[in-house]
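Got a structure here, written out as structure tokens. Questions coming.
Lettered A, B, C, D, E, F, G, H, I, J, K and L in written order, each chain numbered from 1.
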Amino acid sequence: MTVVKSPLPEPARQVTYDALQSTLVDLLGISLIGKQAHWNIVGPRFRSVHLQLDEVVTAARSFADTVAERAAALGLPPDGRPETIASAFTLPAPKDGWLRDEDVVEVIAETLGAAIGRLRERIEATEQADPVSQDLLISVTAELEKQRWMFEAENWPRES
Amino acid sequence: MTVVKSPLPEPARQVTYDALQSTLVDLLGISLIGKQAHWNIVGPRFRSVHLQLDEVVTAARSFADTVAERAAALGLPPDGRPETIASAFTLPAPKDGWLRDEDVVEVIAETLGAAIGRLRERIEATEQADPVSQDLLISVTAELEKQRWMFEAENWPRES
Amino acid sequence: MTVVKSPLPEPARQVTYDALQSTLVDLLGISLIGKQAHWNIVGPRFRSVHLQLDEVVTAARSFADTVAERAAALGLPPDGRPETIASAFTLPAPKDGWLRDEDVVEVIAETLGAAIGRLRERIEATEQADPVSQDLLISVTAELEKQRWMFEAENWPRES
Amino acid sequence: MTVVKSPLPEPARQVTYDALQSTLVDLLGISLIGKQAHWNIVGPRFRSVHLQLDEVVTAARSFADTVAERAAALGLPPDGRPETIASAFTLPAPKDGWLRDEDVVEVIAETLGAAIGRLRERIEATEQADPVSQDLLISVTAELEKQRWMFEAENWPRES
Amino acid sequence: MTVVKSPLPEPARQVTYDALQSTLVDLLGISLIGKQAHWNIVGPRFRSVHLQLDEVVTAARSFADTVAERAAALGLPPDGRPETIASAFTLPAPKDGWLRDEDVVEVIAETLGAAIGRLRERIEATEQADPVSQDLLISVTAELEKQRWMFEAENWPRES
Amino acid sequence: MTVVKSPLPEPARQVTYDALQSTLVDLLGISLIGKQAHWNIVGPRFRSVHLQLDEVVTAARSFADTVAERAAALGLPPDGRPETIASAFTLPAPKDGWLRDEDVVEVIAETLGAAIGRLRERIEATEQADPVSQDLLISVTAELEKQRWMFEAENWPRES
Amino acid sequence: MTVVKSPLPEPARQVTYDALQSTLVDLLGISLIGKQAHWNIVGPRFRSVHLQLDEVVTAARSFADTVAERAAALGLPPDGRPETIASAFTLPAPKDGWLRDEDVVEVIAETLGAAIGRLRERIEATEQADPVSQDLLISVTAELEKQRWMFEAENWPRES
Amino acid sequence: MTVVKSPLPEPARQVTYDALQSTLVDLLGISLIGKQAHWNIVGPRFRSVHLQLDEVVTAARSFADTVAERAAALGLPPDGRPETIASAFTLPAPKDGWLRDEDVVEVIAETLGAAIGRLRERIEATEQADPVSQDLLISVTAELEKQRWMFEAENWPRES
Amino acid sequence: MTVVKSPLPEPARQVTYDALQSTLVDLLGISLIGKQAHWNIVGPRFRSVHLQLDEVVTAARSFADTVAERAAALGLPPDGRPETIASAFTLPAPKDGWLRDEDVVEVIAETLGAAIGRLRERIEATEQADPVSQDLLISVTAELEKQRWMFEAENWPRES
Amino acid sequence: MTVVKSPLPEPARQVTYDALQSTLVDLLGISLIGKQAHWNIVGPRFRSVHLQLDEVVTAARSFADTVAERAAALGLPPDGRPETIASAFTLPAPKDGWLRDEDVVEVIAETLGAAIGRLRERIEATEQADPVSQDLLISVTAELEKQRWMFEAENWPRES
Amino acid sequence: MTVVKSPLPEPARQVTYDALQSTLVDLLGISLIGKQAHWNIVGPRFRSVHLQLDEVVTAARSFADTVAERAAALGLPPDGRPETIASAFTLPAPKDGWLRDEDVVEVIAETLGAAIGRLRERIEATEQADPVSQDLLISVTAELEKQRWMFEAENWPRES
Amino acid sequence: MTVVKSPLPEPARQVTYDALQSTLVDLLGISLIGKQAHWNIVGPRFRSVHLQLDEVVTAARSFADTVAERAAALGLPPDGRPETIASAFTLPAPKDGWLRDEDVVEVIAETLGAAIGRLRERIEATEQADPVSQDLLISVTAELEKQRWMFEAENWPRES
């Protein structure tokens, strides 16, 4: 029985759903590890990075909500439960315990870089399937690329 | 004599204008029947659906303005007069008199579903003609699909 | 079967309802043609009148809502559907296509003038029937007369 | 000895004062029983009616303040003490203990209906005595009739 | 030659205009002498009355604007020039130089009391001529009576 | 039959409920007599005390809501009906009619002083029964003691 | 007997007071004639100039308050009563009755020009007497010169 | 090596940390499953519960932040990574896929009820160890008990 | 050595960068000449166009920031120095000195028209290279086309 | 070694610094004794003066910050430590313990009067040395003279 | 003679007063030295720590006000005069003159650490004497411990 | 032909105009190079300086507007076109490409230092010519000196 009728036919619906569901997991994961770093960071740049991380978390939470509701609007239920995130989230992440500020900057730049790479594949995948969802994924990418640049800029010249 | 010069050549201009003008009629019509339902709904879910309808109306009015101004920016005047809406608006709509809450939920879900079907055709039609207008139609679709999902979810399990 | 019980006895209820329903049509019509002019106006005074028209539309929409909900509160359902407005709205209105700024100022002054004339009759009609509705019609009239004055002032010295 | 001089002569002053004082008691009583229902309601519509009741309470409190200060402005002190409300408030009211949502909707619709009937008599009584106070009572009536309609609409089809 | 067409026929127009023009003078005068007292008051109650006077001034200025624009909307130009106020304003007013707080309270209570007496005559005069203007004058009276009560209450027990 | 399950076992639940229900009555009573004084006060300090009383009323209303919802959260329905307040409210209160400013200051200081004495007993009573409710009662006491101090300070040197 | 002690010795006090008192009259006069023009203007530029005049009035009222309170702070009471303004205000001003938009622009430019000329003399006069008051007069001049420029710019090319 | 010095001695530090860390997991888990239900709920009460769940999520996120920063302030790093939540979160939770509104209400009431039971144990445990952390846990409990009551009230009479 | 790593491979990176850098120059140039016209405009439409130009400047500045940060996010540094703008900005622009209002309207319409033509080429150029940057350029175009329409409408019937 | 380079040459720098540092001490001292009086005042005017003192404190704190940062901008570090204020602050101040309202008004008027006298000397001293700092001192004086006037006005007729 | 009656009996009153008075001194001292460091800090982390210090100052000022008013509410006057702070404030503090950013971070962490140690003793001391004051001291401690953690985190790894 | 009449006679007008026009160029140049640095900065202090630069840009833009409108008010048109800035702006500025954070801090401190030196000469030049413009230049200087101090403080100890 159909609960919410989908405006998309198969197979476009499944393609789009896959892109949205995996983006949802990435964004929820980023929001959790962003907070983890926000709480555990130490070092001379504590305050600056502590605040910057909250902007990442706020963006990730807001887009996670939009992405999940887009999946629901397609007639397929999104999955953001703890166990789903734990098993499906594979982006680089900080370890537990106190974290040095320079390590936080580096790992978050990597997390965002990896997330962007996956998003660009999904943008391509949804171009034919659903331009409405593609437009949302483009917005997510624009925001994460902006956030990534700022951590990259802050990471310099370490990675030279 | 040209009044407002168009940034688009023919036939792209006409294709785009047709998509925008028919979207304008749909949005203005939705704003009127949304208010009609907002005023005439009765039943235990009165307050919840009464408020929800105002969000549909607000979204429809705001996008109608953007769509009409986009047409003007293309150098062709939009038409949103009462007689134009009355003759050109063909989406499902509530009847006059008091309306049962469950009937309102069902008909608005149908109205939005039909509007979305037409919008998706226009997105395709404007892809080559004017990507700027296409981007606007994608935004309208994303919003209406979100609104439709919420009425669909609320309509369940009636339509099973 | 009564759906919403009325606080007014007959024939006061019908008299009041007639006044409110015809005011609703006038206000919704004004909101539509106000936007029509807002989008299609051209000429040196474009920006000034473009903004002024949005104030008329905002006032008309807001009072339309209050008037319709007043009718509902009287136990009789208001009717603001597209076809109802198209058939019942008889005030002067701008034609389609681009509109010269001075013509817009003139026609809107006429629209408002005609609406006011009809409102003053309804104020008289409802004095005994329902002073609460009368008070609302007085507020509508005060606002429309203020708006009309500004278009009149702006129209001068053309009509001399 | 006169404390605050009155702008009204006798007997207009007493007529107006009686109308205001009894309206004050009704409004304070509504604000108290509205909160009582707000706290004790249970059932599937809990949240919707819980919030709706707070709007009734806010309106009743605000108008109670205006009405009482109007009485003071007439040179006669208003009385809103607990014992006065307890003895003079005679509108239908919910009982103590948990309240089913559908019962709350029904009793509040009755409370507001009874209050409106009394207000309409006072509007008539103050027409000659004090048009300024009459105007205030008209405003109170308009608001309570709007609130009553919403509970009536929500009460349907129970009372059929 | 008519500049702004009037929605009122003669003699209603003139009756209404007289009521509005004299109310305008009273309100502008009150706004000026309110500020005069605001600046020159001395005594233990300085701060309290200093702030209270600004509320009178704000109300008077706001209503003066509404009253003057109402006259313009009737097609007759309002007159609020310095010389007009100086010659037509006859309400009690504070003298120049420093003013004792208790004297300020007393004279402003008298000013407002006299203004109210004149407003109540105009409410009666405009009842047939223009209920829309009458409604505005009722609002002005309600506000001034509220302000007067507060000065009266503050003036006690001096006048016993 | 249980309507709302309680997180507290007996007898802690009853002890806590008694403390909350009697606090609710005290706060609702204070909100009513605070308004009574707000409307009826006269004297040179009218404005200052008139405004101060509204702060007491706002605090009392806000805490009454929190306290009543806390009782509901404990699974026992709060009672704030007019007759309950009238019979259970025993704190000092102003009489009816006009009230001299200095008498208002004195009686409200006494009302708050008596309320505080009772609250401190309830803080002790709930320490074991429910530290969550105790924390709420401590907040209420802190606010009322702050308000009381200000009336005490203002009452000096009368009571010497 | 001194009421408010002055921080300035004679003759600086009198020099400064003269500058402030005459500035007060000019600013109050400008606020009154600005409103007069705001209400009576007619012509195609009605809306634009109508709004612009309110900015002049707002600035004039705000500076009038600051200037008057500055005089009070110097220990000499300011005088802003209707009769004082009527007799001491000598700047160019609009006549009564409807005013053509282009005439309004011209006369207000002249009013502001004349006011500025007088202010510049007072800036010089207060340089030694009281640099604090001089600083205030410089602020007034800066604002009026900005306002005058805008009317001058709008007046072009009439005065060529 | 100590990174952040602790204001608490052992063993109070560890006791408090355990209480905070497990509360953190519960709150983050609630925020995730609250969103899961927010997105997947269907049924006639969709809108009402959809909005209510966002209030739970907002409260849970805000307290999670406060609790985690409290742990950091104690000199021991909090752990809110996805894998930690997935393994340590044991409260009742909704399953994946669409969720019926009545089931959502029931399971969230259970989730909150279980969370509260655990919090009350931690309140007791931290009383001696750290009254500052205890105070925070009391605030968390008060909020969750309020939220639980509302779901309980909404769940009635199902569980009878 | 790479400073900020790019999410784009060559040659897409260079193509996108060229589009962004030239858009940045156009937007910064528009913001400067928009202010130039804002300050130097004279004529009867001064106020209306003066305000309209500030909206163009605000939009241009805001998009310039987004475009420049997008270039940085691509790993290539944007260049917005004075000498770069002066040499690379080639859109039509107002001359120095006072500017007649009608000339300002005409030249700004031309500036925006020329900018739009260049933007549409860049939209095409970035379609394959970077859909994220393309989406940004579409937004810039939509805004500038809206602004251009308003100047076009205001320019009529001069260009006939 | 120079830490922050100064834009001023010697001896202007030292002259200006002396003026700023002593103003800083006066303002910080006023903010402390203003709070002291705010907390300890008793008497019938408690509330009025209690609030007025907070405005003095807010102004003093805000200007202290500006003055101190101005000193830093001159390349010389400001000193606002407790022991510096205690030894350098020599303005009249209230004693410890409860303070009668009339005594507070008198002493604060004296404090402000003395501070103003010292500020006027510093205005003169900095005229050649640094007109930028002089402008700041003029602003401080204007504010303190306004505050002093209000306490003077409130102090009357005591000091006659 | 008692000025403000105390709700607490002896010796609880004195115990509580001692705790509050010494907390007041600590908080006022922190607010002064926080500003001192805010103004005099130099080094690469200037901006970050400069802003962070203002948050400490804001918190300290706000709590100082609450603590002092709590003492007044207990019937014993608080003492926050410059000489009292200078003699009673014994927490670590920065020296005068420019301050290196890393030294500021270290000394403020020490100041806050010392303040917290003293506060925890007062929490214990007031547990029996006055749970209302104890609750306030717990809030102060929670805030200062949060602030201290951030300086500690920022101080790492210097103190290793 | 004069377009905007000047309130200043020659040669004061030209002297003042020169001071304002060159200040305009400096401020517009600072706003452009501030953004250039805002976008291209890299290094550990990225975020802190990135945000700080936006405050410089905001201040520079706001003062540029005021300075240009001041010139217009003097009757001489300001010139802020790209080519004018490029040729007349001679302050130190960052090069193109990525910029190290420490280099940004140093160069912006130099830019502001040089701008201040030129402003101080203009303050002197306008003292006789136009005290109103001088007052504006003093405000600009105060703001830039405050901004410069913060970069100087942040630059330490590099330049030792």
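Assume a contact is a pair of C-beta atoms (placed from the backbone, for glycine too) under 8 Å apart; a residue touches a chain by one contact, two chains touch by 3 or more.
No experiment lies behind these values; they were computed from the predicted model shown.
Enquirer: Touching both chain E and chain K, which chains are there?
Expert: Touching chain E as well as chain K, we find F, J.
Enquirer: Suppose each chain is reduced to the average of its Cα coordinates; what separation in Å results between chain I and chain J?
Expert: Using C-alpha averages as centres, the distance is 50 Å.
Enquirer: Per the centroid of Cα atoms for each chain, what is the distance between chain A and chain L, given in Å?
Expert: From the centre of chain A to the centre of chain L is 41 Å.
Enquirer: In whole angstrom, what separates the CA-based centres of chain A and chain G?
Expert: Here chain A and chain G have centroids separated by 59 Å.
Enquirer: How many angstrom lie between the CA centroids of chain C and chain D, rounded to a whole number?
Expert: A distance of 31 Å separates the two centres.
Enquirer: On chain F, where are the residues touching two or more other chains?
Expert: 3-4, 42, 45, 48, 69, 72, 98, 135, 153, 156
Enquirer: For this structure, give each pair of chains that are touching.
Expert: Per the contact definition above, the touching pairs are A-B, A-H, A-I, A-K, A-L, B-C, B-D, B-H, B-I, C-D, C-E, C-G, C-I, D-E, D-F, D-H, E-F, E-G, E-J, F-H, F-J, F-K, G-I, G-J, G-L, H-K, I-L, J-K, J-L, K-L.
Enquirer: Per the contact definition, I'd like the list of chain H residues that touch chain K in the complex.
Expert: Touch list, chain H to chain K: 1, 3-5, 7, 69-70, 72-75, 131-132, 135-136.
Enquirer: Which residues of chain C touch chain E in the complex?
Expert: Residue list for chain C touching chain E: 113, 116-117, 120, 123, 134-135, 138-139, 141-142, 145-146, 148-149, 152-153, 156-157, 160.
Enquirer: For a test of understanding, state which residues of chain I touch chain G in their complex under the given definition.
Expert: Of all residues in chain I, those touching chain G are 41-48, 50, 98.
Enquirer: Any idea which chain F residues touch chain D in the complex?
Expert: 3-4, 28-29, 32-33, 35-36, 39-40, 42, 64-65, 68-69, 71-72, 77-87, 89, 93, 96-98
Enquirer: Okay, in this complex, where on chain J does chain E touch?
Expert: Residues of chain J touching chain E: 45, 48-49, 51-52, 102, 150, 153-154, 156-157.
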